[in-house]
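Quick notes on the structure that follows.
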Amino acid sequence: MGMIGGGRGAFIGAVHRMAAALDGQIELVAGCFSSDPEKSRASGADLWLDPARVYGSYQEMARSEAALPPGRRVDFVSIVTRNDTHFAVARTFLQAGFNVICDKPLAYNLAQAKQLRTLVRRSGKVFALTHNYTGYPMVKEARALVGSGRLGRILKVVTEYPQGYAITALEDKADGTISNWRMDPRIAGASNCMGDIGTHAENLGRYITGLEIDELLAELSTFIPGRPLDDDGNCLVRYKGGAKGILYASQVSNGDENNLNIRVYGTKASLEWYQEQPNELIVKAVDLPREIRRRGNTYLSPAARANTRTPFGHPEAFIEAFANVYLGAAAAIAAEVEGRPLPPALDFPTIDDGVIGMAFIETAVKSARRGAKWVKFPDV
Amino acid sequence: MGMIGGGRGAFIGAVHRMAAALDGQIELVAGCFSSDPEKSRASGADLWLDPARVYGSYQEMARSEAALPPGRRVDFVSIVTRNDTHFAVARTFLQAGFNVICDKPLAYNLAQAKQLRTLVRRSGKVFALTHNYTGYPMVKEARALVGSGRLGRILKVVTEYPQGYAITALEDKADGTISNWRMDPRIAGASNCMGDIGTHAENLGRYITGLEIDELLAELSTFIPGRPLDDDGNCLVRYKGGAKGILYASQVSNGDENNLNIRVYGTKASLEWYQEQPNELIVKAVDLPREIRRRGNTYLSPAARANTRTPFGHPEAFIEAFANVYLGAAAAIAAEVEGRPLPPALDFPTIDDGVIGMAFIETAVKSARRGAKWVKFPDV
Amino acid sequence: MGMIGGGRGAFIGAVHRMAAALDGQIELVAGCFSSDPEKSRASGADLWLDPARVYGSYQEMARSEAALPPGRRVDFVSIVTRNDTHFAVARTFLQAGFNVICDKPLAYNLAQAKQLRTLVRRSGKVFALTHNYTGYPMVKEARALVGSGRLGRILKVVTEYPQGYAITALEDKADGTISNWRMDPRIAGASNCMGDIGTHAENLGRYITGLEIDELLAELSTFIPGRPLDDDGNCLVRYKGGAKGILYASQVSNGDENNLNIRVYGTKASLEWYQEQPNELIVKAVDLPREIRRRGNTYLSPAARANTRTPFGHPEAFIEAFANVYLGAAAAIAAEVEGRPLPPALDFPTIDDGVIGMAFIETAVKSARRGAKWVKFPDV
Amino acid sequence: MGMIGGGRGAFIGAVHRMAAALDGQIELVAGCFSSDPEKSRASGADLWLDPARVYGSYQEMARSEAALPPGRRVDFVSIVTRNDTHFAVARTFLQAGFNVICDKPLAYNLAQAKQLRTLVRRSGKVFALTHNYTGYPMVKEARALVGSGRLGRILKVVTEYPQGYAITALEDKADGTISNWRMDPRIAGASNCMGDIGTHAENLGRYITGLEIDELLAELSTFIPGRPLDDDGNCLVRYKGGAKGILYASQVSNGDENNLNIRVYGTKASLEWYQEQPNELIVKAVDLPREIRRRGNTYLSPAARANTRTPFGHPEAFIEAFANVYLGAAAAIAAEVEGRPLPPALDFPTIDDGVIGMAFIETAVKSARRGAKWVKFPDV
């Protein structure tokens, strides 16, 4: 694989590399790690790459790699740049004939997202989006339980994503390299908090329940003065078919770390999952003992069992879940490269998830701008 | 004390009696336990009461007890009847010169609540409302922490009250004695779920934070067909001063029991409390270890320490918290009866809490009827 | 009922009174609350007792109460004095014809315990010992699960009772009223920690599993210098029938509060219970989801359901469990007083539990004195 | 690196490879994955290795790799074979001039372990033992807290390692490939359970506390009939300096998964850590709120912070901890290969840990054979 972005000091690029490396199936062989050629080169050297395949610009990389013979060029690229460049980079590599794995959110806005979808469909290439939380085995178990009818009809979905890292004004720090750009509307897009983590919450709920949003109401707040974008948001949701939802995301929930969690309530049973305790899934129903389903056990669904590396009690966590997205995408990419039909039951987030995610962001922002009124979810 | 309502089989009446008895400070000596004189008598006999003071109607009880000499008549009555009769019963006893402890919600509607408040103020009597969850020591600790400034400015309050007992249609059961009337608008008032438990959530948040609601948006749902009232509701809240809130209550959250919980997020720190684990309070802030404050320890606030009966590690729970409301009210009542000034720093829910609670119910219902639009909280 | 001991400032006496009062079935009408007549009188006044029935010595109390006509005298006495006087007080009241509820441990030593048992058997009176932890509904559920065969054959029992209150040298404090006498061999007996809380652990394990100890090895320690008795002890246990056990108790486990817990491992399933989270019981077995059984649910055993006052999710705790011991004993006492046969399936700790508990203490001390060698459990 | 053992289907070999690959610092380039040359070759092909460096025997591998020029041959080998062959394989590679990472337990018996230590010392090579649980960041935090004096003097250590996977008789299954050889004294050595997991518990306690065992008493059991070795063991420990300990390990604790945990009690504070919730460390002390220290935070010790890859709230788990052992060892190996002095403050388990671990196994077995008597820990 090749990587665009993720130079020295970038958090998410390093996660992508660990996720790709974990299973010994994917090798990083090329990259353009920074728009600064010097920094790109230095980062490539850190990673033991052949200097000839460390590029100073992504355009050069696309050209040069495409010029290599099929067996030697990268099979796909991972795009881990900032939101505003996802579109241009992805378009370039798709047009150059490469498969793509892209960090979320998909693009700077919904219009770009739709264009990219058109490109992907025309290209026939694999496009994976790293909504990594759906890579957790117990999230797959949750989805399998809902799919099996165990919960009955779903009445309510509560999805929370509180973080607290932005309670202090990181964007004002001299070295605020992480959070800065996410608060900058020219780079991040129309939303900070809903775009950065609200989309994960939306994606997680849809992945588990399959429910589609019909109407959305969002109150976005900027609690820390001086921020041009939201740092907190509360949404009410009306799903098609009658279920109701609460979805909130926050980066000013002081003392919370990365507390994504979801509760799905059905007529027959309910479930709960907490990202910070990812190896457990709670299932509960009136008049029955609670059930704690745990990763690595034989009683789990095939999807939960297939996305696991260690026996029960030997916990897995964030990187392993991330690696599951890579493994799923890599299986599809291998098929594409070898000209085989895509394996059935492929399970990783795609361009379509990305388009819906962008629609979610735009709808939330539209509702918020109207003073938190109900807005119809667009038909994308 | 005397009791009105709470005959054989009634849950909340028994809780009130246990709460009153626990500390050996309050003795039940009279009652009208049912509007059916026969059932009232039988219930009184179960409780070892003097038959002469077991009455067939509350009017008779008010008259007869008032006719007793001061040292012999009841000092106060506990009203544990259904919502629709709180007003008439309370008025009767207030007018007959008795102090009152009343189950929540205060009345059938806001208009009644305000009338009752006028009566209470004129009478000079003590009126306590059993919002029992504020009796928990660690809830008092939470309030003390907010009051001390430990949390800084409050940004966000998330209050949840999911129950699941009504996921099956109890009101259709032949013996559905518990839940039936709560679903009946002639008895319960304008709301089932918001009235029964949403008001507890509202009261808990206000007790801990002191924040007042400025605007409210409520989406009330009736998930189980055939119910004339709501069995679930999601609210967004705008507090005066800029804080935001989510408050939800549900009786169809399958498998949840009585999972009232609250999270309060501030600029300096945040806190979490779960009614089903009431002996702990979690305090957290970025860049600091989490803190678990536990009931019974010397480091707690005076209010938390004063409302505790057993040493740390010897857990207290629901009945003890309920008894704290009784103890607080009883201290005030004793002062009233003896003509002493009320003790300072009395800490129990009053008629004012009741009026705000009824305003909360009516505002939520109004918002819901408009399709979940923002509604100004009335100035009561 | 009457009470001996439990004057002002005594912790356990107050717990006994709350437990007795909770259900409105038992009334405290007489007492000798201190060996100091003045203090006894003052304590009686605090409790609103008729001064005529507040006594200056327990001997006087036994005489005077026995002289009252049957309907007017106490039905039983609660003995909440220090260990060294349990025997003399209990003997006095048994011989005077009263039923007895006694705090644990039963006596100063095993010899006294056996004498008392002889007296109880001869008297035909009810004798209950407040091993209160067996009053928890979920402990009764645990016992029922074992009894039903759900766990299969029991292989291993791990019982822990760490407290940390004695990590600082309370006995040296001027006002160290609580812990002082427990460290004094003239009052407490041969052991502090094993006697005070180790016996609770022993009793809990035996109550749940029914297993009898065959051999015991105990290493008792005194970690805080200057204490004449143990403040910590680790035991290995060989049960009759081949199961093995670990049992430990400690009062110097810094930061632990009252963390009694038990795990029982069987061939078919295992269970876990934690006193500080008493409303839950965990059941687990290989290849099955974990099961959390929760108090107040219909799926529980009759014993668990019968010993509950509030619906699920309205937690119960220490005092309620204590009250269950009182309720059980009171049912037996009522039968005794009225000359009826004892109700079947009575479930409260008896004189026999007390004798075994004293044997446990003496065996542990014997093993420890030999350098922590295996010692046969006596046939008592 | 090269690997010996870990062919198709082996659990621990795959874990070693993931741990080595995670950080992109170590590349697997050679191996002898099975004593069956055919299986070795097939496993090598699975791993994309150059067939020329996939060997049919470890002796051949040692010879061939040693014959390669310094820059091309492996820098170290990972030995993930069964216990009985660790010694011969490790000796061969040490003598051929390679650094070694070896799975635990170090050897078949203590005599072998000591011989190996002599070899290692003479060779000047790096020898790391994969006691992987000490690689967890919060275990390093625990060690740092003890080292800083935060706990005061340590009084008691409770280490538990219950698993339940062997409650059913896996060794009798036709396909019982995992557990079989661990129950076979010719392969596993003198103990199954104490050797396989008891040594992890011993190592964890020593790593955190630095305490050395003075005397040990072990009761080993074989609960499932037909097993030649122990499947459960309870130990009491007397540490040098006066602290006491309980250490137990079990593979028949039905329903437990891999529940390694440790509690360390000190005069000033105590700590708790649970392998199945590895991102948290609990610190507690009388009269202070409990403290939950969480991975990834700035307030942690340098060692805890250095051994972390993802921000707080993005949990890490088993493989990441394992990878920390590899990273530590790899840093030492790189220095050795390049002829640099070893970095200071290297933190990974060494040959000395292995020797003490083997002494622990032999001492426990000796005590058990004497009927669970106290045995002096040998001076190794």
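Letters A, B, C and D name the chains as they come in the text, with residue numbers starting at 1 for each one.
The working rule: a contact is a pair of C-beta atoms (placed from the backbone, for glycine too) under 8 Å apart; a residue touches a chain by one contact, two chains touch by 3 or more.
Note that the structure is predicted; figures quoted are calculated from it, not measured.
Chain centres here are C-alpha means, and the one lying farthest from subunit A is C. When the C-beta contacts at B-D and at A-B are tallied, the pair with the greater total is A-B. Work out the mean CA point of subunit B and of subunit D, and you get 55 Å between them. Subunit B has its Cα centroid 43 Å from the Cα centroid of subunit A.
Counting partner chains per residue, subunit A shows two or more touched chains at residues 165, 256, 283, 288, 290, 294.
Remark: subunit C residues 283, 287-294, 297-299 touch subunit A in the complex. On the side of subunit C, the complex with subunit B involves touching residues 11, 14-15, 17-18, 21-24, 28, 47-48, 163, 165, 256-259, 275-279, 294, 296, 309-320.
Residues 155-156, 158, 160, 162, 164-165, 167-168, 217, 219, 221, 223, 232, 234, 236, 238, 244, 246, 248, 250, 252-256, 263, 265-270, 283-286, 288, 290, 371-374 of subunit B are the ones touching subunit A in the complex.
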